[in-house]
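Labels run A, B, C, D, E and F following the written order; every chain starts at residue 1.
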Amino acid sequence: MGDILNLAGTNLLAPPVLFFALGFAASFARSDLEVPQAVAKALSLYLLLAIGFKGGVAVASHGIDARLAATLASGVILSALIPFIAFGSLRAFTGLPRVDAAAVAAHYGSISVVTFAAATSVLTSAGIDYEGYLVATAALMETPAIMSALLLMRGANGKEANGTSGELWREIALNGSIVVLTGAFVIGWITGPKGLAEVSAFIVDPFKGVLCLFLLDMGLVAGRGMRQSARDLTPPLFAFGIAMPLIGGVLGAFASYLVGLSPGGAALLTTLAASASYIAVPAAMRLALPEARPSIYLSLSLGITFPFNLTLGIPIYILLGNIAGG
Amino acid sequence: MQTYPKKRLEAFVEMPVLHRFTKLLEAEGVTGYSVMPVVSGSGSDGDWSREGSVTGAGQMVAVVCILSEETLEPLLDKAFAMLSRHMGIVSVCDCEVLRPDRF
Amino acid sequence: MQTYPKKRLEAFVEMPVLHRFTKLLEAEGVTGYSVMPVVSGSGSDGDWSREGSVTGAGQMVAVVCILSEETLEPLLDKAFAMLSRHMGIVSVCDCEVLRPDRF
Amino acid sequence: MQTYPKKRLEAFVEMPVLHRFTKLLEAEGVTGYSVMPVVSGSGSDGDWSREGSVTGAGQMVAVVCILSEETLEPLLDKAFAMLSRHMGIVSVCDCEVLRPDRF
Amino acid sequence: MGDILNLAGTNLLAPPVLFFALGFAASFARSDLEVPQAVAKALSLYLLLAIGFKGGVAVASHGIDARLAATLASGVILSALIPFIAFGSLRAFTGLPRVDAAAVAAHYGSISVVTFAAATSVLTSAGIDYEGYLVATAALMETPAIMSALLLMRGANGKEANGTSGELWREIALNGSIVVLTGAFVIGWITGPKGLAEVSAFIVDPFKGVLCLFLLDMGLVAGRGMRQSARDLTPPLFAFGIAMPLIGGVLGAFASYLVGLSPGGAALLTTLAASASYIAVPAAMRLALPEARPSIYLSLSLGITFPFNLTLGIPIYILLGNIAGG
Amino acid sequence: MGDILNLAGTNLLAPPVLFFALGFAASFARSDLEVPQAVAKALSLYLLLAIGFKGGVAVASHGIDARLAATLASGVILSALIPFIAFGSLRAFTGLPRVDAAAVAAHYGSISVVTFAAATSVLTSAGIDYEGYLVATAALMETPAIMSALLLMRGANGKEANGTSGELWREIALNGSIVVLTGAFVIGWITGPKGLAEVSAFIVDPFKGVLCLFLLDMGLVAGRGMRQSARDLTPPLFAFGIAMPLIGGVLGAFASYLVGLSPGGAALLTTLAASASYIAVPAAMRLALPEARPSIYLSLSLGITFPFNLTLGIPIYILLGNIAGG
């Protein structure tokens, strides 16, 4: 417990969190600071590529163990299951309309790669190892939640959601962020440590610095979103944005325990379960549930849950991982 | 110089829907269109800005299409049906072109 | 399909003034607008290009706004007053829209 | 507010030809123009998208120019001659401006 | 003196200056070479962030000394004072209209971060140390000059400048470049050398290379500006663009002497006083003094003073710093 | 031969080729993955700058030898000559209209810098040295092919090609990519190893990683092009896209033998002769031969020849270089 408080303190005063806070504050003070969209996309691409590649190399180095399949499966189950819990809570406690609740639920079942990246960077600083295939788990967890959300809506009114066709699923599954994460993972796996050595000056060394810059941008965007939709976020919704990641995290930790992950791996699966999507799911919701309001789901995911996870959540998830992990 | 009357359609559509919208244009037989970026905007769903954002959700683009009146009529109905559930607006104005056979 | 006459206002304004201009639009009760990037241009103050530049000074953006004739009238006066000391131009053309209640 | 009728020319031209086209505009005495980016498009020469591309070949930009009817007439002939061998289209619509002396 | 000639020679043939020259030449030859705006903004953001962060870390390492407050104060005074000298000279010798003279004056009171960056990079190569809080001084010097320029205009005609409201001041003070420089400085101060170690592969190692790329861009932009407004730049104005940084530099050196800065610190305060803004002030002038012509102030600042400072100025300011500094 | 098979195998499973394949596959699966244009341009600029700079430093270190002039001259001759062979083959075997054939021919006479970059990166990994002035040769080879193509068209119909004026040649010769490559080469030459040491953390260390990211982008663009113009590419054209680089390569190897280049240098001159332009020539063709269809020449150059060179070609050219080189 002392350790975890320590870790939380260290985390709060580490560059990534401080840069996020800078962006958030600048946005609230209505500074004109902004990161051009092309640059934000490049930073995001870099992080996905680096995380995927390193995960693949880790699998190549340490080999696949028996827990690989179980971890992947538990990730898929968590992603598909969490939306039902989220939807139920939202309907019970927040009075959010059905379609908004379903859209929000999809976000919380899915995952946030930058939260994952921040967690790996804390683990690395703390010298804690983790299974490389958690990256593949992350990629697999992106979409099942969307399916659950659509099921929830179909259950609702018998009316088919907009374009739940094969085309929609192709678009969702081949979202650029999923393709890069998965592709880089496979490439890392194929090329192994030898491949990593050739590109590590690009992929490994500057990683944390790039993460800081991207978090500055996330802070700016989150702050802007909060400024604009503060009125939409009622206290119960706000509470949901803090409670839901904790619930997801506990489920993730429990799954990690069942699967038998290492403490580091458990911390990451916990983090994945606790995190909420901000790239793939929002775009999918505009196609599948266009009546759901982006101001609600983006504010909750980016404006409340992401900052919570980045600051207090990650240390908690590392603690949970420590308890759950072998 | 001799010019010919055509229509200029300008649609502000959500990024995630863009692909479907341009497919509709092609299905309706337009001879061409251009997609132009939008930086930020404001509407009934609030304000937005592309800067810093990595998701297409909530981001708009503009589709500009010069087309003939005959192509426009049936297209408008279908565009209306497609976009009614989505953010964005469609407007049409009169214009003149030099090469009428191209539209 | 039934369409309704509206106005399309297009203003090329200086980047540093953009914020004030959109505030004016909002104050005048427009229901929405879109800001579109401009890459380069030429005018009485000379040529400019955005590429390579890190300051907003001397850079233009385009504000496009579909609005009703009633909203346009008072807005034009105020836009004129605001922009008279600045670079840029405002033009208005007629257009048709599908959902008249939205403007 | 008193407004004055002018013309709004919009030309989608290939990036490699842009420089020549704007030189033509200047030679024909327009008082200004703005170049706006185009992200992607479709036409008789197929589809294209700027994303990922490092060459200007096959990429379009839009040139918007507010000008007087007198300037437009001779310009159209020359624009037609220049662009006939190239990709792209030119359209013109009516518009109203606030400061007639500027065009 | 031999040293300084040596330094000047080395500086002229160092990669940063050569890349600037390449951009300038390409622009004059009307090459279509250009750096996309989003990339230029990202490079600028990177430089601000890196300089700010390293300055903060330096303060964390060496502690605050008695001279901190005096340095900050002298920076503010220089920034506020120089515009009066610049305005007077312009009115006396160049026949520039009042409003243009005031706008130009604001640029010379304020500072150029990339000139500062180039100077720190020369100092680092030469192994000369400097006080980290010069970065904070740079941030503080951005805006007082604008206030002086507006005072000059108000004095002129009794008529209030355009929108000298609180809103205008908020916009000026929260300009993105000031926010990043200051914010990164504070973050560097908080996280100290430990934080720096984590991100130095991003913030320290590639710094000079990124500076080269940004200077290539600055050369392109400066060359383009010069090509377009050569006719506006009369010989007296040209002379002002060379003389004014030297006057500012001498004042900066004198202030450094009074404050008791180290030679490196004195070189930097001299450079700041000698440099002219090209980000924050131009944008502010479009709001506050829209009748002033950007072709004048951007050409002077970017096209004449910046190249002069980069090539010959910096070695001179280091010499002045050496004389003035303790 | 065992070595070369080995090298080919290694090359196929190295990160650069795999990232290209990822992009190509993503594009074919119609993923929405894309690299923003501003970022693609920045990556391209970086590669040009880094290659140019390193080439210049190599010349500064090893001095100019007698072969420099001969290498440059042979590059120019290859670039001017290959279009005639390409044009003849296209007219004889593919039935391509005259103007399209001339435009394609120009692409194959000219060169692809990213193919060159990939080849240097394979050489570096294999520990094979090469003459730095090959970079200057690359820059010189960009344009003569365009002249040949215009000659071919003029020969055709007596009618002058569009704007074969001085203005056109200025635009072609001052294409941004040529200016950066040449300029950085000269800067590298001036500053030498000392200059390189200052910027190598930016220019050398991350080079291969950046190359991977750029190749991901090239894969996306090539795949998109192939998807769109598959119907234009008849089997004879496809065969041309594979055969022509091999013919060019053999000529390049022969020239290397005559000049007396080292095995590494010969591999690079062979690669240059075998590669086809995708930046400078397409833009020039839109100006000079606007009736030629970009879908033909871009698909051939980017969609067929580039992937072939990247995967199988480079090992072959290294083998040829080994045979031809001293």
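The rule is simple: contacts are C-beta pairs under 8 Å (C-beta built on N, C-alpha and C of every residue); 3 or more make two chains touch, one makes a residue touch a chain.
Note that the coordinates shown come from a computational prediction; the quantities given were computed from them, not determined experimentally.
Under the touch definition stated at the top, chain B and chain F share these contacting partners: A, D.
If you take chain A and chain E together, the chains in touch with both are F. The distance from the centre of chain A to the centre of chain F, with each centre set as the mean of the Cα atoms, comes to 41 Å.
Distance between chain B and chain D, defined via averaged C-alpha coordinates, is recorded as 19 Å.
Per-chain CA centroids place chain B at a distance of 45 Å from chain E.
The residues of chain A that reach two or more other chains are 32, 34-39, 41-42, 171, 205-206, listed in rising order. For chain C, residues that reach two or more other chains under the stated contact definition are 36-37, 56, 93-94.
Every pair of chains in contact is given here: A-B, A-E, A-F, B-C, B-D, C-D, C-E, D-F, E-F.
For chain B in complex with chain A, the touching residues are 14-17, 19, 45-47, 49-58, 85-86. The part of chain E that touches chain A in the complex is made up of residues 36-39, 41-42, 45-46, 49, 170-171, 174-176, 179-180, 183-184, 186-187, 190-191, 195, 198-203, 205-206. Residue ranges on chain C touching chain D, taken from their complex, read 10, 12, 36-44, 60, 62, 73, 76-77, 79-80, 89-94. Against chain F, the residues of chain E that register as touching in their complex are 13-15, 18-19, 22, 25-26, 29-39, 125, 205-206, 208-210, 212-213, 216.
The part of chain C that touches chain B in the complex is made up of residues 1, 3, 6, 8, 22, 26, 31-37, 61, 64, 66, 93-99, 102.
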